[in-house]
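Presented sequentially are two complexes of subunit A, the first with subunit B as partner and the second with subunit C.
Up next is the complex of A and B:
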């Protein structure tokens, strides 16, 4: 902790809160590299030879599994944390490229349902905005046990963002800080979770898949228990995963890196071949996607990267007054999502600021970004000789650092050595 | 790079000469795989494998003296796995199903793990063995040879020409891009395939044979009557 951090606490008498993900240096997918084809393996032609990206989630129990054209989904981000415009833009973008979006704490908005062709409805400990009508309108249900940014912690929405609409949806008074539950009253362990999953299946006529999302801590056991409890899909969110708002101490000091989590999660699901794995936390490039798939994920989710594609932290905007400076933040280094004073209209409930985001233009940028990620992913898969991105495997990777080799359990580059083996 | 060649003899009068025919064919694909060679003979179900030049091995095995209905042979230039007799094709699995492979697969590690999880056991770390075990596993699940080969094409990435024999059948298939060479020749007396035409040119009656290149992902199957 720096002296400034100490001074900040001395001034506030409480912990700092912010948005975003862990900012300190931890091992990431960047510490891995692909062994693409050469003489002992043959590459596929980049532009002519087919490389499949279609991803099916939840075929285990659901009558209507989620079928995605690409293995990249948009993570749950609440209306409340995000403006209605931002939610709409994400929905439009996802529908355009054939993937899904996810609601978030505080429930489902009609605009979001309309704009997103495949919408995952979160069931969270807070239960804010959770109701059977929206449940039945969803294409999948995601039970949230935790988030990578704050495993073990509850939701948080600062009073500035509890405008009339958000407050009404959550049946809370306007303008007060919301600190929501970290445990759902209906379950604590896998035994109760099993009952909850069945209840949700019955409420939706066994039509849609049930996902269980966990923050990456004791990943092997937690993922196994989620599978035993009956999840169709387990979502594992690593420690660098973003958040709309939480205590800085949570963001930086809890959970394990996504890189370490994927392998443990894949191991845990070895006995459950029909249960699919989504991984999130720090996914930014097609290389991240390809590496996550190679280590055992069936799909990835993105939060912060989708917001950046929408215009978060963008310096090209010139809104005149009430730009970054006036709102007390800096472009390129902004983590002010929690304040509601988002200069680009994404993480705000102020009608004036939210109007800065044009959902149609924003959607175009996010759709472009998703297409680019998909191209990068297939490019790497083809170079590894795969006709399907889901055919990438751990043997396609080596590590550049000893730490990454140990976590991902792939050999250190140029050796056969996997630490601990 | 590897050489493969296989023959099914339909004419009973030619069957005593199976050894002679396959010896000549093997000699013509030896340059493609000088490290080691292997062969399976039907109906005897005799497997011969060894490290060394294929022509030398054929002499050691007195291959030309053998008679039978079918033979399938491979000469190997190793890519990833070691040069030992255990790594030699054909991989003989299940109900005397033998497979030879030219090319290399790109996603066999995952398929090996999946099969292992189903209780399938492996003899080597060779990628081609995974294909053989996959076929045997599918057939144990009730698929016929043709269906099993189609599923293999769906599941496996990589470049391959495969020749497969069972006591009653002979099949050839190539990957969707058909990068690896393969040529088939058919006469009323026999049907044969090889990586290169020169291995078929040594067969009696080749002048009047129907000679063609197998199409990508098409399953060619001949059954012994």
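Up next is the complex of A and C:
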């Protein structure tokens, strides 16, 4: 903790709150590298030979599984945390490249339903705006037990963002500092979760898959319990996962890195081959995607990276008045999502600021970004000799640090050594 | 129409209920505590559950009337949007959790967290409620004909709880307020409509939020 951090606490008399994900240095996918093909392996031609990216989620129980063209999905972010324009842009982008978006704490807006070809509807502890009609309009259901930025904590939305529409959707008084529940109101523990999952299936006629999302802490046991409870898909969000607003101490000091979580989750699902794994938290590049898939994920989710593609922290724009300086923040290091004073119109409910984001142009940037990630992923897969990105495997990876080797359980580069083995 | 749950599974039963036209009545016999009975209903039909229901009886529904002729497990009437869920016996935990609309009536007692996260529905319990009734309830009305346990109304928002009996203690930010003429009229109407003759509308405590947890101050 820096002296500035101490001074901030001395000024506030409480914990600082901010947006974004963990800032401090922790082991990441960057600490791994691919052993691409050479004499002992046979590479595929990068430009000409096909490499499949199609991803099917939830074929275990659902009549209509989620079928995605790419293994990269958009993570749950609420209308409230994000502007309606941002939600629409994410929906348009995802639809354009054939992937899914996800609602958030606060329910489903008609705009995001209309702009998203495949929309995952979250069932969160708060149940803000949770409506059986929207449930039936969704393409998948995601029961959220926690998120990587704050596993064990509930959602948060500061009063500046609880405008009339958001407040009405959440049945809350306008302008209050919303602190969502951290536990579901009507079940506790995995035996109850099993019944809850069945209830949601009954209410939707067993049509759509049920995902269970957890923040990465005791990953092996939590993922196993979710699978036993009947989840079609388990979503594991590592400690780098972002948020619209949470206590800084929560963001930086809870959960385990995505790198460590993915292998534990994959091991937990070894006995449940039909249960799919989505991993999120700090995914930035096609290399991150490919490494997550190689370690056992079936797909990844991106949140902060999609917002950055949309224009978050963008230094190019010149908005004149009420730009970064006026709003008390700095491009490149802005985590002021919680204040509602988002200079680029993404994490705001101010009509004036939100109008700065053009959903159509923003969607193009996000779609381009998703295409670039997919190209990078398939390029690495082909170089490893794989005709399907889902054929990537741990054997394709080595670690550059002892820590990463221990967490991902792949050998330290240039050795056969996996710590603990 | 009768559906015998000793020979018909829950999935088939719920599918049959969803196919019923408005105005029809169905009776579920031999429920034996099965979970998720009559969930996700959308049409104005009546479903009588002839015995004990498990978790989430009548949950996630709208427009329908679900009558449990016995006791109910966790989350009876959870996330109800409209219509009626009535339990003749006792109800277990998290009665009417997050219910947005409609009415949930329990003639006996309700266990922990009745009306938790309530979002606009009306909840009536003829007997006692356990601890943490109305936890984080956002909107709606809870009327308790008997006594309330510990932590009543903890972290309430705009929901109001009326208690005819004793209150063990109040939760954080909950306070007892003066009963208004409108409160008395509302309680009298609810008690009369649901046959809760033991409730004296003039002699009920009103519990609401002191609203001290609404703000942190500037971020």
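Keep this in mind: the second predicted complex is superposed on the first by the 421 of 421 C-alpha atoms of A that agree within 3 Å, B and C clash if a C-alpha of one lies under 4 Å from a C-alpha of the other, contacts with A are read in each partner's own complex, and residues count from 1 in each chain.
Going forward, contacts are C-beta pairs under 8 Å (C-beta built on N, C-alpha and C of every residue); 3 or more make two chains touch, one makes a residue touch a chain.
No experiment lies behind these values; they were computed from the predicted model shown.
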Joint occupancy of subunit A by subunit B and subunit C, clash or fit: fit
Inter-chain angle, subunit B to subunit C through the CA centre of subunit A, in degrees rounded to a multiple of 10: 120
Contacts of A:42 with subunit B and subunit C, given as first, second, both or neither: first
Subunit B versus subunit C as contact partner of A:111, first or second or both or neither: neither
Which superposed partner A:205 touches (first subunit B, second subunit C, both, neither): second
First (subunit B), second (subunit C), both or neither touched by A:30: neither
Touching partner for A:314 - first (subunit B), second (subunit C), both, neither: neither
First (subunit B), second (subunit C), both or neither touched by A:158: second
Subunit B versus subunit C as contact partner of A:69, first or second or both or neither: neither
Dominant contact partner of subunit A by residue count, subunit C or subunit B: C
Shortest CA-CA distance between subunit B and subunit C [superposed frame, angstrom]: 31
Overlap of subunit C and subunit B interfaces on subunit A (superposed complexes): none
Interfacial residue positions of subunit B with respect to subunit A in the complex: 79-80, 103-104, 106-107, 109-110, 113-114, 117, 157-159, 176-177, 179
Complex interface listing, subunit A residues touching subunit B: 37, 39-42, 44, 49, 270-271, 273, 384-388, 391-395
Residues of subunit A touching subunit C in the complex: 14, 17, 126-127, 130-133, 135-136, 158-160, 170-173, 176-177, 179, 181, 185-187, 192, 195-196, 198-200, 202-206, 245, 338-339
Residues of subunit C that touch subunit A when the two form their complex: 10-11, 14-15, 18, 35-36, 39-40, 42, 54-56, 59-62, 74-75, 78-79, 81, 93-94, 97-98, 100, 113, 116-117, 119-120, 135-136, 138-139, 157-158, 213-217, 219
